[in-house]
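All remarks here apply to the structure that follows.
Going by the order they are written in, the chains are A, B, C and D; count residues from 1 in each one.
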Amino acid sequence: MSEIKKIAVLTSGGDAPGMNSAVRAVVFSANNLGIEVVGVLRGYEGLIDWETVPLGLDDVRNINNQGGTILFTSRSERFLDQKYRHIAAENLRAHDVDAVVAIGGDGTLRGAIKFKDEGVDIVCIPGTIDRDVACSEYTLGFDTAANTAMEAIDKIRDSSVSHGRCSVVEVMGRKRGYIALWAGMATSADAIVLPEKWDGNFDYIINALRKRHTDGRNSYLVVVAEGVTDAGKLADLIQKETGIESRVSVLGYIQRGGQPTAKDRMYGSLMGAYAIEILRQGRGNRIVAIKNDILVDYDIAEAIGLHNNNLDSFQYQLSLMLAE
Amino acid sequence: MSEIKKIAVLTSGGDAPGMNSAVRAVVFSANNLGIEVVGVLRGYEGLIDWETVPLGLDDVRNINNQGGTILFTSRSERFLDQKYRHIAAENLRAHDVDAVVAIGGDGTLRGAIKFKDEGVDIVCIPGTIDRDVACSEYTLGFDTAANTAMEAIDKIRDSSVSHGRCSVVEVMGRKRGYIALWAGMATSADAIVLPEKWDGNFDYIINALRKRHTDGRNSYLVVVAEGVTDAGKLADLIQKETGIESRVSVLGYIQRGGQPTAKDRMYGSLMGAYAIEILRQGRGNRIVAIKNDILVDYDIAEAIGLHNNNLDSFQYQLSLMLAE
Amino acid sequence: MSEIKKIAVLTSGGDAPGMNSAVRAVVFSANNLGIEVVGVLRGYEGLIDWETVPLGLDDVRNINNQGGTILFTSRSERFLDQKYRHIAAENLRAHDVDAVVAIGGDGTLRGAIKFKDEGVDIVCIPGTIDRDVACSEYTLGFDTAANTAMEAIDKIRDSSVSHGRCSVVEVMGRKRGYIALWAGMATSADAIVLPEKWDGNFDYIINALRKRHTDGRNSYLVVVAEGVTDAGKLADLIQKETGIESRVSVLGYIQRGGQPTAKDRMYGSLMGAYAIEILRQGRGNRIVAIKNDILVDYDIAEAIGLHNNNLDSFQYQLSLMLAE
Amino acid sequence: MSEIKKIAVLTSGGDAPGMNSAVRAVVFSANNLGIEVVGVLRGYEGLIDWETVPLGLDDVRNINNQGGTILFTSRSERFLDQKYRHIAAENLRAHDVDAVVAIGGDGTLRGAIKFKDEGVDIVCIPGTIDRDVACSEYTLGFDTAANTAMEAIDKIRDSSVSHGRCSVVEVMGRKRGYIALWAGMATSADAIVLPEKWDGNFDYIINALRKRHTDGRNSYLVVVAEGVTDAGKLADLIQKETGIESRVSVLGYIQRGGQPTAKDRMYGSLMGAYAIEILRQGRGNRIVAIKNDILVDYDIAEAIGLHNNNLDSFQYQLSLMLAE
């Protein structure tokens, strides 16, 4: 990779708090090296249609505290088609863009690996509230989402305790249970239903609640990761089997938005700057990652090959014990 | 009503932030007059089963910032039956309780009026997030609920803007649209669907969104009061008719809980103290209310006879104009 | 006043949450009547230097949730000088501006009354966290500031309770004690020091704390309005006289900022729209106000002549009783 | 160390959010092993005076979301004296307590090492917002404090921008700059003054602000760690040297309190459980620590011998670059 004079930055997939801090750090770091930055709108879609804005320091100076992404985002169907990836690559060459920084989750990574065939140098930054990028311990947005879910459940619990009810709360996370695990442990949940541990059997939850009901407890909390099971049906089942009045809450899109936490602003800044450092070193087709709380990077193909369906074992065991 | 030496206080119906401040003020005000206070648990249910706790200053000193109600609450089916109301009245007499302060919404009031026949002196305080007690401009919990809904919609909007979507958000309020009106106006909603104005016709919403879509707007927000229509179906209809990607969020129980706002703590304190002042004056069968932002009180029978299905007209007209 | 075709809007004095909602409603309401709006930057300073921006719907669509003021603000020394007011008036005439909407506090009002002599039609909106505009029960920003102060004191109390200390917290309010009264009552303060009631005598505070210390209480909270006394010296005095370890916190500028509460967004919207309604009716030299929770308006000269150094009497008496 | 049947847990030094989660996990983990737990009040003071409470599951079930410490805390002068440590040790033996879990910062650790001479088995958990325990990358409370400081500065910035001022904000951290570094980077500070990098020379700050003033910037933010310099004097110096209106805010005790973040609840839970695991393995005189984001433990004497006055170098360099 020859010397870089101009880069493009985009955000793709589900929006995640902290993406803006990463964009900001990309712009500041590039500017520091004399590299020009163009912002691509709506993820890979904007590459295909060449919807872009120039990004200078003044455009990103105070965006750390903004939720969502100032560059907008999308899940691009067209980018799965080689024809459109070729158009996108031609657009980049036509505008003298030397490399792309793409901030997003798993889908973003899968787009990036295919884009390599078009001869485009790309560096990815893991940004998704779901914490489901296997190569990285952390993905931007998780901390904000976990805190938002926790604060919502704290509120739900107030009502649950006042009425002596069981609250069944569904949180996001796609195929991973980290938001459920963190938000559930932080709110002293009686049971946390995680996709990584789910065997289709509700008996242990019913039995646990029944026992606590017998012990005289007067409120209950079950946190369920989305996609594991229907939270409404679980609430009905609990009510039917235990006699405890049960209500369901689906937290939904509030978990995506909101002003980012300090961690998401800090790690967004770190990852954005590190992406530019990788490009400065003349390397491409890499993804920034966190390993042992340190910034590292992987080849994108290698990163995609990794699979990780394990929860932290100590955290998981602890979650069972603390639910007693 | 002879001199009062001992009173009972209870919270009933849906829990609402600010109920604890009202309980605190009842206890402090009563204590100041040398009146003993007993807290009844789980609303009218606790009167029937005589589940009570003594309430001294130390029991309520620092509860202003707690969500929910420390006395727990319920919707009592049994209290609708004269037989159980008689048991409740006998319990009060057996424990030398001279009067009851009941904090709750419409259902609480309807219980109170019937309880009068048992010879029990009762003063009600309007406490419900729905702001649906006709005699009072304000009911405890509304301000906290409106702010919670607003903050949640602020977050949802971040994601909605990032993706260029339409968000359809359902908020609470039972038969009244105040939470929807306040939260919708505060978040710059494109349309607010209110029970008081609902004629079963979605055309004006569809047309408004279609026009804005044509004008090049890239995100949309519709706030719907619960019970008016199915928010999920509305989202589907919008997507089908306008082509705008639409998603639904049902805020649910987060709107009931959470630390009360300054207004709910202040008005809870004022209403609690005013209830004791009414009893000190030897009056009973009254409900505390706010009229022109001033504390007043009504005969309970008169209060129940009032009906109010009007929204503030200036606020409503403004909501239409500000949605342009 | 002939028909209005173009108006200017500005914010002046201390910034207050809710000013942006008022600006937004001014622009939407004017637009609805076909009136053009120009935004004047930095208050009266921008009138003198003619620093302005055009304000269309798109410029203000989503500013309800932004703290501070998008038009910036200042306390203009020059505007006190007739020479500069004349320049400002000439600027307005040169740009065909028919009337001005000025959002601010007492100083803004005093500027407005003098500006009348230059033949400029002006309508004021009370915007200041201090709630110190005598003609209006409410001023934009108070609710947000009271909640911010309350939430900060809730946090300080956590530390105070953990250490068994006395916290002395200074809040804003200039010459009025409303922020102190609301934030103090909402946080169960042991004493609230208010400018309206201050007689220079600390004895009652010292005696109250000493008595509670003897009673075995293990933490204490005193809320002081700025300008009454030095909060640091009061903390020292408490420690010296009672032996209770005491610490001071000055909340400062956090009370001015932050996303506005639902009330400040709603009342900002209402007041902004009402200001345009006044102009539509061909009236000028008025100030929008809240009386008995209803929108009204006063002649500016009359409003300035009003004085109000009374706190709500019931609220004040209650604050003493609830501190027991 | 023979089999453990009864332990004591205490919190000591400055209170920190997350201490309650650690206490909760200690109680749940001990209960799981059949170990009895006694809570010692007010840190080492309570050991000397044997002020204790029994701690069962019901006593700690829902304390995760409470700020401060339910066990109260103190900085014990007496515990520095061997005579009182001996009394404390005798108290423990008299009540058949086999080991102590002490949650606190540097001072707590220094007490613990001396206590070893009395033959008491102790395990420490690093709990302090200052992140100044050399052996551990993380200390409980830091994340909450960094977020609280960040949110307060976000608010201050609203006012600062509206007035075109420079805000100088002092944050906590004792001798470490981590709160300043995180809160400053997260709020896009123009300069961050850190004890680790402080050379007594303000020139670089003055020059940087002067340059930005010339460039036409209209607001400025300087974040200063406590103890480095007088923030008020720095504000005066900035105003004098650059002509920019400058105001100081000292955040103070709000940084200690508040409901803990998800991280502090999670890491409090992890550290509390890990402390019991250490005792279960028959080991004592250890401190729980985080290294590479993993739970580890050190001998207390070794931990005290460690010194760490280095900030993360990449974070620090980035903070300079992002302030441009």
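What we mean here is this: a residue touches a chain if its C-beta (ideal position, glycine included) is under 8 Å from a C-beta of that chain, and two chains touch if they have at least 3 such contacts.
The shown structure was predicted, so the numbers you read here are calculated from the model rather than taken from an experiment.
The chains that touch both subunit A and subunit D are none; no such chain exists. Annotation of subunit C and subunit D: not jointly contacted by any chain, touch as defined at the top. Seen from the C-alpha centroid of subunit D, the farthest chain centroid is that of B. Between subunit A and subunit B the centroid-to-centroid distance comes to 36 Å (mean Cα coordinates, whole Å). Separation between the centroids of subunit A and subunit C, computed from CA atoms only, is 40 Å.
Our note on geometry: subunit B versus subunit C, Cα centroid distance of 28 Å, whole angstroms.
Looking at subunit D, one finds that residues 154, 157 touch two or more other chains. Pairwise, the chains that make contact are A-B, A-D, B-C, C-D.
Interface residues of subunit D facing subunit A in the complex, by the touch rule stated above, are 21, 24-25, 28-29, 31-32, 57, 61-62, 64-65, 137, 143, 146-147, 150, 154, 157, 182-183, 185-188, 259, 261-263, 265-266, 269-270, 273-274, 292-295, 314-315, 318, 321-322, 324. Within the complex formed with subunit D, the subunit C residues making contact are 11, 14-15, 17, 42, 66-69, 72-74, 148, 152, 154-164, 167, 218, 247-254, 256-258.
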